[in-house]
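Naming follows writing order (A, B, C, D, E and F), and every chain is counted from residue 1.
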């Protein structure tokens, strides 16, 4: 499985989103591979705030060039694809009376052996989704990958 | 995040799906917690074959009781929710000219501190999705969690 | 609720789909109101067969004029809307490894007081949906209403 | 159809949602079967208010235990599934410039002959959906069933 | 292709939405065919405002009879179908942190040779969709057709 | 509207899909702008055949490099987005008992003034969708745009 994909940008983005102490081992590997990376946290009942938080984080950590629509377009679709995994059906939170508390990780690099495949971006989100009631929530995960 | 969820059944299901050598460390922890677990692989352009493979695996590894509809119902919905993360939009593969090669992991246990919350089931899927052309695929992930 | 809708074409379609012995009381009321009506049964893992069965039944029982696209168009959309209630997410059966056994009822008449509102069509479906395993299924319902 | 399902929790939930004078006959049957039940009304352009109203009603009428996430999780998914039948496509109201006026009924009991299948919950919704203009609306129905 | 559809109401609605100087040639043809027509512009992050703008325009330009629910029902579904083409997945704008700037065109007439097919309505929308950032947007199009 | 988008790749792709005699005027403009272009026809009840036909056409007409996954990935998503406009809800044909007969046009070029925005691809589809019965169909349109 995933032969040509031996740098597994998606799995690494998930691991990075999960990571607490192990974070440094991962980021030093990303640096070695010359990948850009960043992570953050966001909690909201409003999906647009989650999208905005990930976009802002990607810009500030210079994973994407905020001046180029083509890069923001690639990032946006990766975020929305990741949110499909979290929301599982409707890409909606508050309108369905639910809230999400998420960590997100963004990776940008060359995941394919073939250099001509160029750069790709992976957005991983992991956290909880549930009722706006403390503890009435379970875990959720999502991953979006796009060429950039 | 995920305060009451300190046994993180979802994250562990994902780690278990990722795991190769590290698998034993995980499964011995599952055994210690008295959780049921199992994993497998499936590749198909037909979504129903992926659902069937996960169901069959869960039955054979005795994670669910195949005689009880309530358990199969809980499992089924967890599988479909996980497949939302993989398919990101339409829960469809071949009909959209794409195929998936997935590893899946199933965990069943008590993720919540409060014993009254009972058992839950987590289905994690990880692998690749893409064109029916070798290497023209990227990673995808999904997680479904349900009470059982 | 449903002030202007006092002939409740939707509720009556559902009652008619449910009906066994009470059927005559309903159909004599439909005749009195000058409504066209019909019912049938269909079970399949293929959604298109369910759509086809309802369409064929509506044509044979002369609820719609099979020569007019505008009538078939109104009926088709009412059927698909009803199937949303049965499938709850993806309008798909076998591709998600599930099957449905349904009774359907079709009503056509003037549900509104205001005659200018003309004729409307209601399609009600009721039955079970579940795994292709005897008894591993629960009830499902759907209702589609359209102007015709 | 629905062989093993002879207590037809779904059909009864719908009948209970429809019921006006006949309500007592139904509720005395529910009591006899040792089922929990409740009903209510809600009208809104905001879907989350409808979800909240059904949840609140289920808690107040002690159909679910508001202290247990597992019960609220089962109820929530049953409500969202029911709303799929009402909204037929996007689980959204005001954002698509439409409003719904609904009666809802909640039943909790043992619908299966096999006692080991345990308790299930059914949420039925019935009413009108349409433009935010008096009388510019038609009927809609939905049913969600879940193990609890 | 589109044999029986030689008056191509959909293509003409799109051309009319695109049209700037060529508009008169189109509208004089519409008048000749005895079709009703109208166009307008709307930009919003709120999908309901776009729906409302198209509905209001259709009423004011007397393309539909605002007193008849059946006509507003036909128009509403045509608008929502058109917005599927613009939104490509979730019929949602601001909740997914995107905005749309659209021209819309509405045509009502007899597109089929067979007079018995009666009147149909076409709603075409064309413009841009993207981030709420100037220039970070690409084109989008949608077409909804319904019997009226 | 569409300020920065003055080469309107989407509108031109639609016009090219519509075009019969006027085709040459368009293609000579495309050549002048150094854009790649191609068109074709496909009719099917199977959505995957439509996707395949557009992909094959784009490869044969050398609009994309069939050796590069990144290009095929960009094209694939543009096709699926275009098919959302045609299918308006579920990206499905035969499974919902409907068929489509489509012309498609593919354009690849620099639509933005800012050269750094690079190349984008537009897929336009236009034709009819309806019952598998001659003439029981209406027009449908779709447009997908992606960075490449």
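Assorted remarks:
FYI, a contact is a pair of C-beta atoms (placed from the backbone, for glycine too) under 8 Å apart; a residue touches a chain by one contact, two chains touch by 3 or more.
All of these numbers come straight from a predicted model, not from anything done at the bench.
Think of each touching pair as a link: the shortest run of links from chain C to chain E has 1 of them.
Hopping across touching chains, the smallest step count from chain D to chain F is 2. The greatest centre-to-centre gap from chain E, using C-alpha centroids, is found for B.
With chains reduced to the mean position of their C-alpha atoms, the one farthest from chain F is D. Mostly differing positions are employed by chain B and chain F in their mutual contact, as under half of the interface residue numbers are shared between these two copies. Computed centre separation for the pair chain B/chain D is 29 angstrom, with centres defined by C-alpha atoms. With centres set at the average Cα position, the gap from chain B to chain C is 36 Å. Chain centres here are Cα averages; for chain A and chain B they lie 20 Å apart.
Counting partner chains per residue, chain C shows two or more touched chains at residues 69, 73, 89-90, 92, 95, 112, 120, 135, 137-138. Taken together, the chains touch in the following pairs: A-B, A-D, A-E, A-F, B-C, B-D, B-F, C-D, C-E, C-F, D-E, E-F.
On the side of chain F, the complex with chain B involves touching residues 46-48, 51-52, 55, 69, 72-73, 76, 80, 90-92, 95. Taken in their complex, chain E has these residues touching chain F: 1-5, 8-11, 14-15, 18, 41, 43, 81, 84-89, 101-103, 111-112, 120, 122, 124, 126-128, 134-135, 137-145.
On chain C, the positions that touch chain E within their shared complex are 67-70, 73-74, 77, 112, 116-118, 120, 146-147. Only residues 89-90, 92, 94-98, 130-131, 133, 135-138 of chain B touch chain F when the two sit together in their complex.
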